[in-house]
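Several structures are given next for inspection.
Look at the two complexes coming up: subunit A is in both, with subunit B in one and subunit C in the other.
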Partner chain A sequence: MLLKSIKRLALFICISLVIPSLVMAGEATDRIKVVSDKIFSVISDKTLQTPEMKVKKEQMIMDAVDGAFDWEEFSKRSLAKNWSKRTESEKKEFISLFKELIKRTYMEKSGQYSGGKVEFLDEKIDGEYGVVKSQLVSSAGTQTPVDYRLMKKDGAWWVYDVYIEGVSLVSNYRSQFNDILIKSSFDELLKRLKEKIEKGV
Partner chain B sequence: MRKFDLELSVGIFVLIGIICLGYISVKLAKMELLGGDKYEVYAIFSDVGGLKAGSSVDIAGLEVGRVSSIVLEDYEAKVMMSVRTNIKLQEDTIASIKTRGLIGEKFLSLTPGGSEQIISPGGQIRETTPPVDFEELISKYVFGKV
Partner chain C sequence: MNNRLRLLVVFFITCLIIYPGLLFAESSDQAPSQNSTADLQTADESKSQVYQPDVQSVEEMLRSPETTDETGDSSEYSEPDEFSDYSESEESPPVISDPLEPINRAFFVFNDKVYFWFLKPVAKGYKAIAPEPVRVGVRNFFFNFNFPVRFINCLLQGKFSGAGDEFERFFINSTLGLAGFIDMAGKEFGVQPVDEDFGQTLAFYGLGQGFYINLPILGPSSALDSVGLAGDFVADPVFHTDMPFKYEISLKAYKTINNTSLAIGDYETLRNAALDPYIAFRDAYIQYRQRKIKE
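Entry: the complex of A and B
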């Protein structure tokens, strides 16, 4: 009798531990899924393929990305220790330039898109932080692992870093920005970002 | 009395010798007897590619600690490291495994972040990058990516 009730209690504890994680399991992935579905629908939309529609198409993709990407966190993590030294207006300018730079870098790639899909492989949640592992499978069958790092802010999951083939976007920019800031000033960094955006990446 | 003096001085001499030997062995083996000025943090890597316990933990190329142990946990590598207490690690610090030169030893490089939150002792460095696998890179280049 006692054994039975202990077993039941153990089962109950197990279930109560598992259920919240199951409920949580989808949240972060869903967030990414919504964005990638939107992007795929925009890219594969035949009516948006014309050169006149290019700006609109890019805008639609960026709107989708903005829905889940925390650009301030991206910028903050990329500037690292230099972030706190900047004034509010400098931070704002940097965020918009950084966002534009990433947009330019990856928009070119989306132009080469010729069919494919995203597969969601795994999701790990640890408190306020989460990792969503996915892979981009091209129509030719090439698999590119893409991991999203998310953090929970005000009840919603926001992406703060993307790992493509194991290489972190934030880490890449952090070392580059740091090198520039050691050698020259913050204004020089902004200037370089602007040049890079104007030239096209 | 004189005999006693001689024995005592020989004893002291031998004792000093043993202490020196102990000190040298500890220094050479890079062991730590007193761990009071260090604290432990850990990081999870998908691949450590040759990093070993005792490998150095660097910030800006300077050693700030050492890898204390590496264990397999859920098919991933959990790297425990002890870092000097005066080194504060921000919550968004990135830990990456790098190689000294092309074929040198592996070490753990930490890139400090900008977060106001500091990782407390026993905490985790969440952002990690596995080492670059040159073999994989070369094979991708030589045989092409499928």
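Entry: the complex of A and C
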């Protein structure tokens, strides 16, 4: 037990020593870095690992993510041309469901990276748009490239898409939503989103 | 050995002959291939409508910002054009035709069962007895052993510096890295692998992906990549050993189990995140390959 916590501590120190040297300067990168630092601090906080604290832990992670993710932009892009056909209330409902779906899935995943680290590799800015390239390194040394696409709104950078291993989250959902919308209706899409969320992961 | 080689060469050539034909059949008109999937739909006619908007919608979204301008606040959609300089994979979201969808879906369900009922439990059991460093070592060993595939395909695409890197990696890892178990080249010398395969080589010479195929056991692929797989199989050194076929298969199975043990949960993540896992994997595969080809 003691040995384990010493190991954890050593790992934590190593990570905190390594991360600053890997960080690339840049507004957009800083924005992501704040989120990832918060998430890492939450998932490595021992007091938050108990089942009773699960809800609080998830809320903390979600708050961090909400601080930099533009869910409306995610929804808009994943519905593409179908977005403009929707009423305001439909849009609102869709945004909250879509957010919930992504939250449910990737919350589970975040736990697996408690022993890992994130490396920021590159940042490119072109006017109002930017790309932050990073990679997740698991404790086994597996590298997963994660790219964030950001856009500037009211002076702040907001994430509107995430590429994991080169696969765009928004495009991936767009192809699914589109398939469902072609074969059935928007109500059916909402129904399936709700079912998926209720069923859990 | 000789018989097998002959069989593979014949298969490879047949694929090469059939492939342009398939491409032609696909591009000339989608009607014949669509008929096979029509039974899933309510009417034959609706299917041809069904497929078209799929392509159109994506193109529309990218090329004409006006379509979404009705709401006034959607002008950001013109972004892919302005930003195309370095949004490599966003300039044209890859779309692949899927005339074999019913069969592909059946194999998707089959592969899903194979994963949950066989591969995952076995990989979990193996994970419990083999410590992580061993499994990482084994993964490195197989990866290093497969060097000829990457090397040959770097050369075929004229990527000489990539071929040089691969050669360097193979040399360092096979000696200092103790027969490939330790990735010395990557860790100590900072030489990263250049992951090229025959599918990418064929795409490099301008061949299109063709249509989507979900292979049993092997998983997502395309007409082009299936041909590429045959090439990779021939270039794999295991193929050139005098090992009986059943051992070769066992070796590949072991490699798969070992790699899976290091990636338990990856498949589930995308599967569980998806409303329609089949479409999610199809899209992910084609996006992933597109990126590999561009690299």
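Convention: the second predicted complex is superposed on the first by the 174 of 201 C-alpha atoms of A that agree within 3 Å, B and C clash if a C-alpha of one lies under 4 Å from a C-alpha of the other, contacts with A are read in each partner's own complex, and residues count from 1 in each chain.
The criterion applied here is as follows: contacts are C-beta pairs under 8 Å (C-beta built on N, C-alpha and C of every residue); 3 or more make two chains touch, one makes a residue touch a chain.
Because the structure is predicted, anything quoted here is derived from the model rather than measured.
In this overlay on subunit A, subunit B clashes with subunit C.
Of the two partners subunit B and subunit C, it is C that touches the larger number of subunit A residues. In the superposed pair of complexes, A:Asp179 makes contact with subunit C only, with no contact to subunit B.
Using the contact criterion defined above for the overlaid structures, shared-chain residue A:Tyr106 touches subunit C, although it does not reach subunit B. By the touch criterion defined above, A:Lys196 lies against subunit C but remains apart from subunit B after alignment on the C-alpha atoms of chain A. Look at A:Gly166: by the touch rule set out above, it reaches both subunit B and subunit C. Here subunit C runs into subunit B after the superposition, and of 27-35, 63-71 or 99-107 the stretch doing so is 63-71. Shared contact residues on subunit A (touching subunit B in one structure, subunit C in the other): 76, 80-84, 126, 129, 141-142, 149, 163, 166-168, 171, 174-175, 178. Considering their complex, residues 76-77, 79-84, 126, 129, 141-142, 149, 161, 163, 166-168, 170-171, 174-175, 178 of subunit A touch subunit B. On subunit C, the positions that touch subunit A within their shared complex are 41, 50, 53-54, 57-58, 60-61, 67-68, 70-71, 74, 76, 79, 82-83, 85-87, 89-90, 93, 95, 132, 135-136, 262-263, 265, 268-269, 272-276, 279-280, 282-284, 287-288, 290-292. Within the complex formed with subunit C, the subunit A residues making contact are 73, 76, 80-84, 101-102, 105-106, 108-109, 112, 124, 126-127, 129, 131, 139-142, 149, 151, 163, 165-168, 171-180, 182-183, 189, 192-193, 196, 201.
Across the complex, subunit A is touched by residues 46, 90, 92, 94, 96, 111-116, 126-127, 129-130, 145-146 of subunit B.
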